[in-house]
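Below, chain A partners chain B and then partners chain C, in two separate complexes.
After this line comes the complex of A and B, so read on.
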């Protein structure tokens, strides 16, 4: 009977109920988006780092991977040291740089990675064709489009270019393979990959036996943090970064951003709370006589409160469900805008839907909806019956 | 002789009205016997409704005792008073106060639902009561689809839902035209003949004359019982 009364009451004030549901839905959508934003980048970054199973990365001492042009000397010696640790399963040495490709009379520049295709974690091949030979270059769709070339074409690739004299250095003829998608690549960023030996040979002696980055897969069950500590003691000229360390650094850089998201999320929650409180208060004030009559004919205070709270819960639940859809659509739209910022990996999501966090946020909103209805309902049910009836009669 | 169903002894009720103290009841002593039909009459503001509220256990006296069906009700807790009203008191108000969102049969069934009567039983009983008050064909109508007299008859059926010891009515004909009022008066008479104890507060001479006994009030006191 209480549920039926609550339902009938909501239907009776159809427009008000719909507006309230819409208001709660907007608050819920904002709350959900802020929760997704507060934790999204961190989780998305973690997933990205772990996507290819590399748990430790080595960069030149005091730098982050590809933060500077600095390199680690002695790839062979470093690899030998790393291989001496039985917890290290695979090592991928990566050389970063830039290249220039002749496209007719145009010069097209691109970032390039020198890798070992058998153990790399920088790109995924979209066609299954990889840089198997020394004269192969894998390119992404964007570079392929800029070159106006096709897979299988041979192009002139150089490691250096002087625009004033229009002369190239370290030139090679390479066959285009791929296409590939770079995991850390930004939108509209030209990218290419070739064997590290090829890039070394093109770049000259200053880049020989050097790497910008080492990526390490540890043995299953091994502690990546212990491996990281061991590397730092064995190789004093490198900075070893585990996923946990990288996440901690991201956390530090994003702390203000996250705090802002939490504050805005809390504001959304408060707005939702106020909205339901206001609605329930208006509703019970309007029905003071009705409530007094219910109490007079023997309906208990608890049952009156329950009926009113059910109305608040129904509005909150409907608003939360609608807000979930609205929040996801908004997040998707905003994510598309933010992800296209120059220099950011396309695979990073600003808004990441994490079921546990989302349910907790929406659960909190529904709980606040319940709490917001209890006080005005209890106050209305506790008013002196005779006095309420007298006032109603005068009114 | 059996003990009275309503027994008030030296009941006083004071209100604070701003800085002023209003003495709504000033030592009322009154007995109502089982099966009686009492009309409380008097000028506006003489304390009739306050007295009815005391008997209906929706207000408590400042001093004095109120006993209904052998139970002291003047100092009951809210929970006890609510339960007592549910099972022993039937209320009829001047403005009917039906739930606008419920049909006639649902309005009548409401107190039975609260008393945990099964759905089947309460629907049957509600239909019976509506037939008793002459509204067998109006079961599914909402209050807004009923005339004033019909709404008041639904309210009377609701008051009878849990088989109350006492039926209390506050100006039950106050919102009705004369001919509709007559129907309500005869319904009250029939109820009383069928064994219901009734106390009404009224300004309506016809309704007061239909009662077995009149209680006259003035300035918060019973002047003639």
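After this line comes the complex of A and C, so read on.
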């Protein structure tokens, strides 16, 4: 009965109801986007860090991985210290740098990682072989396209260029073994990987036995935070970063987007609330006589309140359902804009759809729908019956 | 170069958010204006029954809508200016920089006020023409 009356009231003014639903849908879309922005960035980053099972990373003291050109000296000694901890299962030392590859009369520059292929966590092989031998180089599709080369081709690779003598330094002939996808690679970024020993040999004595980053897998059931604390006490020249600390640092750096999401989300919710309240209030004012008649024939106050709250909730739910689709489309568009941040890993999504985010947005909207019905319902329930009927009769 | 690209991305993101906000505000304003005019269906019916012409009724409502839009714009500009001060104070303290994050410029104010006027008048016109065309007795619910 209550639902039927609420439905009749909404259908009576179709265009008005549709406009209100549209308004709520836009507010809901904005709210969903902002909930996705506030939670998605962190979740996407966490998934990325854990995608290969490395829970702790070591960078030169006071830096973040690959934030600077600084390196950690004594790879063998550091590895020996780390191996003494039974909670540490696997260690992957990574050396970062840049290389020049000759492609005909052109010179193509690329970022390069020196890795141990048996424990690496920086790329996934798309086809072909991994960099098992010292003369192998794996490249991403972008670099392969820039080189105009094919798998199995031999290329001239140099680790440096001397502008005075106009010659390449640390030259090697390497065979392209297979295309790879770099997990932390940015869009339109040329990337290559080779064995760490090969890169060391090409880079000269100053890069020998050094690493830009260590990635550590801990034993199942071990506490990564305890391992991190232990490393910091054992190795004073490194900064140990666990997934939790990395997320905290990213949170701090990107706090602007989180705060923006919070403010715009709150504004959207308020706008939706205001819109539904206005619509239901106008509707109650118009039906003052009708409500007075209902009350006069014995319909309880609770019944009237429930009917009006149902109206508010119905508009909010219809708007929320419509807003969900709209929100996903706008989130995709906004994500495409933010994904073009220079140096941002391709796998990072600012707007990540999570069912929890959608439920949160829907829950907030339903709560707002109920709240928006409260004021008009209270007004309707407290209408003086006789006076309202008299006014209606005069009108 | 990278910093410049970063600013470009942030700027594009802000523009996109701005467009979404404008669309949302437009629908909101349209809704409120239509509701406001719709609420006065009995007054309009009474005016029409007294012999006031349709065009006079429409004009009255449009002027009223424009006044509401102007008043809302003035309040909105004041609120925007205060919010802008707060945003600058907050982010300048957070990032320890003298950079201004939000600036209320004359073109921004003119754009906001013009948009709100156009939408207000448009919504008032739309709703009043619809009501003025409806027979007065029907507006009374008879």
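Brief remarks on what is shown
One rule holds for everything that comes next: the second predicted complex is superposed on the first by the 387 of 395 C-alpha atoms of A that agree within 3 Å, B and C clash if a C-alpha of one lies under 4 Å from a C-alpha of the other, contacts with A are read in each partner's own complex, and residues count from 1 in each chain.
Everything below uses one rule, namely that a contact is a pair of C-beta atoms (placed from the backbone, for glycine too) under 8 Å apart; a residue touches a chain by one contact, two chains touch by 3 or more.
Quick caveat, the model's predicted, so the values are computed rather than measured.
After superposition on chain A, the partners chain B and chain C are seen to fit next to each other with no clash. Legend: residue contacts after superposition of the two complexes on their common chain; A:296 is shown touching chain B, with no touch to chain C.
Legend: residue contacts after superposition of the two complexes on their common chain; A:19 is shown touching chain C, with no touch to chain B. Judged by the touch definition given at the top, the superposed model places A:390 against chain B, while chain C stays out of reach. In the superposed pair of complexes, A:8 makes contact with chain B only, with no contact to chain C. Taking chain A as the reference chain, the count of touched residues is higher for C when chain B and chain C are set side by side.
In the overlay built on the shared chain, the residue A:340 is in contact with chain C alone; chain B does not reach it. Closest C-alpha contact of chain B with chain C, superposed model: 9 Å.
Across the superposed pair, chain B and chain C touch chain A at no common residue. The touching residues of chain B, counted against chain A in their complex, run 49-50, 53, 56, 58-59, 78-79, 82-83, 85-87, 89-91, 93-95, 97, 99-102, 106, 109-111, 113-115, 158-159, 162. On the side of chain A, the complex with chain B involves touching residues 1, 4-5, 8-9, 11-12, 289-290, 293-301, 303, 384-386, 389-390, 392-393. On the side of chain A, the complex with chain C involves touching residues 13, 15-16, 19-20, 22-23, 26-27, 30, 255-256, 260, 264, 268, 271, 274-275, 278-279, 282, 285-286, 330, 333-334, 337-338, 340-343, 395. Contact residues of chain C toward chain A in the complex are 2, 5-6, 9, 12-13, 16-17, 20-21, 23-24, 27-28, 30-32, 34-35, 38-39, 42, 91, 94, 140.
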